[in-house]
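Each chain gets a letter, A, B, C and D, in the order it is written, and its residues are counted from 1.
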Amino acid sequence: MTVRAAVAGASGYAGGELLRLLLVHAEVEIGALTGNSNAGQRLGALQPHLLPLADRVLEPTTPEVLAGHDVVFLALPHGQSAAVAEQLGPDVLVVDMGADFRLKNAADWEKFYGSAHAGTWPYGLPELPGARAALEGSKRIAVPGCYPTAASLALFPAYAVGLAEPDAVIVAASGTSGAGKAPKPHLLGSEVMGSMSPYGVGGVHRHTPEMIQNLSAAAGETVTVSFTPTLAPMPRGILATCTAKAKPGTTAESVRAAYEKAYADEPFVHLLPEGQWPATASVYGSNAVQVQVAYDEAAGRVIAISAIDNLAKGTAGGAVQSMNIALGFAEETGLSTIGVAP
Amino acid sequence: MTVRAAVAGASGYAGGELLRLLLVHAEVEIGALTGNSNAGQRLGALQPHLLPLADRVLEPTTPEVLAGHDVVFLALPHGQSAAVAEQLGPDVLVVDMGADFRLKNAADWEKFYGSAHAGTWPYGLPELPGARAALEGSKRIAVPGCYPTAASLALFPAYAVGLAEPDAVIVAASGTSGAGKAPKPHLLGSEVMGSMSPYGVGGVHRHTPEMIQNLSAAAGETVTVSFTPTLAPMPRGILATCTAKAKPGTTAESVRAAYEKAYADEPFVHLLPEGQWPATASVYGSNAVQVQVAYDEAAGRVIAISAIDNLAKGTAGGAVQSMNIALGFAEETGLSTIGVAP
Amino acid sequence: MTVRAAVAGASGYAGGELLRLLLVHAEVEIGALTGNSNAGQRLGALQPHLLPLADRVLEPTTPEVLAGHDVVFLALPHGQSAAVAEQLGPDVLVVDMGADFRLKNAADWEKFYGSAHAGTWPYGLPELPGARAALEGSKRIAVPGCYPTAASLALFPAYAVGLAEPDAVIVAASGTSGAGKAPKPHLLGSEVMGSMSPYGVGGVHRHTPEMIQNLSAAAGETVTVSFTPTLAPMPRGILATCTAKAKPGTTAESVRAAYEKAYADEPFVHLLPEGQWPATASVYGSNAVQVQVAYDEAAGRVIAISAIDNLAKGTAGGAVQSMNIALGFAEETGLSTIGVAP
Amino acid sequence: MTVRAAVAGASGYAGGELLRLLLVHAEVEIGALTGNSNAGQRLGALQPHLLPLADRVLEPTTPEVLAGHDVVFLALPHGQSAAVAEQLGPDVLVVDMGADFRLKNAADWEKFYGSAHAGTWPYGLPELPGARAALEGSKRIAVPGCYPTAASLALFPAYAVGLAEPDAVIVAASGTSGAGKAPKPHLLGSEVMGSMSPYGVGGVHRHTPEMIQNLSAAAGETVTVSFTPTLAPMPRGILATCTAKAKPGTTAESVRAAYEKAYADEPFVHLLPEGQWPATASVYGSNAVQVQVAYDEAAGRVIAISAIDNLAKGTAGGAVQSMNIALGFAEETGLSTIGVAP
């Protein structure tokens, strides 16, 4: 193993998923694991599925504990990453799984997060145009949000070749782990099983400006995004249903060709054969992305749908994939395209 | 009890839900129950939740068995209702829970169902403009599809007052009972639990022309509809997320006012207080519809969301409500706005 | 309506289910609804499925608020009922849905609940021998625990006729609503979906002495009980699998006969036809109990299995049924044997 | 890679899980994949989660197709393995994931399976006393049933040291994948979600004699088993709750010591720290077994509970583990103790 990695926020869902992946990563040794309210507890009590780490004990998230690692992953609440990152020095690779450094526009940050903008780091969605180049050798990585990962991969190929109008509608269903491990009444099993419900409707969800940023970059013009997230009765997975009016001259063939070209060489994004549609179960636990696209001639619309595992490709898998690029490892190291199903 | 009702197709999910409702309907006596492949079986083996009917035995679906009833409900596969209805005579109230008589445009029927159009009956969605008048005294009722019920109730108020552009995007999640009781591999519990997946994407779902019909009537102009149904890991419920570009001059207030006006006097449609959003769990087993609407100024869009129970208001409840109107009973007879939750 | 009922603890799952039932009870008018931390909130925000009560506001649980009712239901945390009941006067029917007055043996109470024993009230499981007589005219009712309801109804017929050895093994699976609405990490949807797990293993669950009390009374000798509760990934329902060694001379016929006799005239307990087994889905939302029993000759054991809805027959339905008896209403008033399925 | 493996029955759940494991097994190259009704289909359509094999096409299950492999895994319906195995020659390692060669007693086979007994092969549950020695170098392996795996690992340590009476009660909850991929009405998602139900009650389930065989061997006397399987609303996992009367002199300490000794050196069986109980979610997708045990002094019973993934350790993982032993690979090759959670 060639690098030693610390995980700040190891007791939550993102931290747990990251550890699941790092345990099988050939180039990574797992170093310090930290928590705040959970410091001092055995990991076996908090993450009982990570048997090889059961006897590890969480330490507090301090500069001393995080010092001496080659990589530090931050799985912290939004707004806390900047202060920790500052103390880590410029030679440590810091991978922020929070939102702090994703947005380029400070005004967007302030509007959606209500605090001062900390800055912008290279964006960890390697499949976007130019993203890999920015990640190579970088010592700072902003891991994308789970919804923007799903939605951007569904729609950017259409915008990249200019076949869709800049007015996207995105409706996404997420498993409950996306809402985190802090107990809240509406996240109780009794409430979520058997129920679909929306939240953050009307452009107020914090992932909206991130989608706009990604799709506008691909389109070369400002794309408006109507984004509606919904909570689905499953632990993991995002299904993003995305549509935009087709520009004149679009055909089913031109749509298909755009997606085939975009994903011909991508190791993790799988454009399904025509007629087969994504299912979140198929990417459960894997870093794969299933994508399918259709052209609805009667409605004049492109419909692109993606399925990801929100914790894997949507968070921890995307983090590892980006780390691999930044450190010069093979991009697929420690990552799998094999789901756990049924 | 003033009328005697037969149910053709009593072994399926729609038939079972209808019986659940008729068992507590003060004006209805349950008469013949028929099936085809299940004729001769005890209902207790097929619908074990309907304890009071456990010892009833299914009869074959024949004119002789269905004769002598005041009302005949048809819960048959698409395309079979016309032949049965013809044999029942003009004085019997025939309530078709299938698709056969929903569409006005014969070409739409032929395109989406691939057979000859049987005709058009009064449409059993009383909340639509003019629908109650057409149902009163009618001896024939076409019960709407479950998705069109959810989507039409979410969006028609916006079209009725002319505040939305005629280009609707509808993404709906349905519980698995909407796919029926015939065993198919993709409907196995092992496949659906933990998974969200789309189907019928790109304008090919049969409920699409029905939505277009309803929304166009409300708008007074042809509305195109991009409809994407998704299968959700729950037995019941539809959550319909619907959006259309707002016409110039639209404000959050004008949107709210349109919905308040549309639903001020409706017994089953509940426009939620601002800030509260629908959840399918809240209408589980009830005939209620939860609706909420938002205006996303940045995207220039109206977003309207509804939750229904696909088997209740979406099928059997809608059928009973329409029957009540046709027969002059109080519209709420035998129907409830109380869900079973959690 | 002939009585006015208050519900203390209207914001929780037991309180919500009780209101669902009282809303359709022909003899009950719903009076004050109280909560503690939720006092002042609209019920529509807390119990969005109870549409007819959406605009009711919760009041604090005080003697003043609860005064002036014929019936007061207490859905309070264990240990709080005695103090409230004392203030209500001897002419008010107090129905305690908590544990405080279930146990006859003060030492059991102290061992399992760790506080002083408040006393013993008539026990609200009418199907047990002698229970109805004790409930008639009573002004105090102790509603049983959900697990003891399921297990006692599964096993007491075997003990009542002396065909089972006094050493019962009970393994029960419960939906998550049994654990209440207070948010705890292990009850998050992310944790419970896809998982079965036991808790309170080894005789430490508080419902154990209540089962011993019921089964011993039926047997006329002390029955030991090994009880293991498990948490199942569903919102509602209890499936209790119960077994005891058969006494010499037992046959499949004698077992069947004992259960047929016990439940021949019970309105809510349905002994299934031979070969059909209970399912919690079949009693979802209903007050029915499905029971089936088998004699395993090779193992020399009687296996009795019951399914109930933990919130209905297991809590609020049992409360209403007992209230009906106490007040002289028809026992089935406001209660249904029709489940909501699928 | 040192061996080439064929999988007969690659379209089902057991076959799919096996391929998931073999894809990451360092010593195995995946050879022919066969099906019967599905021959000719792309694996990507049948097992969409196995992305690296998406373009493989199923072949028919014939001797010609299976020839030329070092290992042949049989995931066939019960009763079909013997005929296929005969054609494979004595030098090929045949791993039967069906039931055909599990039972030693021909009369048991005939009683429970209704056909002639094919024989007995070394039993693929390495944790049982003597099992590893029988597997080493063997060319035939009978993979245990999923329930016997869970139950035997929960209870055999108690029997091996003679602290439990030979009268075991086993109640187990299984995810639906245990029932296979053939579509049947009672396995529909609509039926299983939200429902717990028993089946095969009263000693008639085919896994009963296998449990008796394992526990009797450990006890050195005939153990009777009362086994009740239940279907739980989850895709994967078995939770087995097992109990037996303790022999005189048993203490909590002696119980704990027996389990600590039995599992001190087992790579896949994890005896949890005292106070922590198994959960199927913790072993989702892993080959790990979580075990916990308690002594209920009041009931005089040992209660042992295990959680496994029915498709992994319960079927395909157990098959790979046994293959590793038979072929002299490190036992843990290609297997993980890390679950996918939440």
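Basically, a contact is a pair of C-beta atoms (placed from the backbone, for glycine too) under 8 Å apart; a residue touches a chain by one contact, two chains touch by 3 or more.
Given the structure is predicted, the values throughout are model-derived calculations rather than measurements.
Considering every other chain in turn, the ones in contact with both chain B and chain D prove to be A, C. Summarising the inter-chain layout, the chain whose CA centre lies farthest from the centre of chain B is D. Chain pairs A-C and C-D differ in how many C-beta pairs are in contact, and the one with more is C-D. Legend: contact pairs of B-C compared by residue number with B-D, A-B or A-D; the interface matching in over half of them is A-D.
Chain C and chain D have Cα centroids separated by 37 Å.
Averaging Cα coordinates per chain places chain A and chain C 45 Å apart. Contact with two or more other chains is made by residues 13, 175, 177, 188, 190-191, 193-194, 233-236, 279, 281-282, 284, 342 of chain D.
Residues of chain B touching chain C in their complex: 13, 16, 20, 23-24, 42, 44-45, 47-52, 54, 177, 193-194, 235-236, 270, 272-273, 276, 279, 281-286, 288, 290, 336-342.
By the touch criterion stated above, chain C contacts chain D in their complex at residues 167, 169, 171, 173, 175, 188, 190-191, 193-199, 201-203, 224-226, 228, 230, 232-237, 239, 241, 243, 245, 277-282, 284, 292, 294-301, 303, 305, 307, 342. Those residues of chain A whose C-beta lies close enough to touch chain C in the complex are 13, 175-177, 179, 181, 183-185, 187-194, 233-235.
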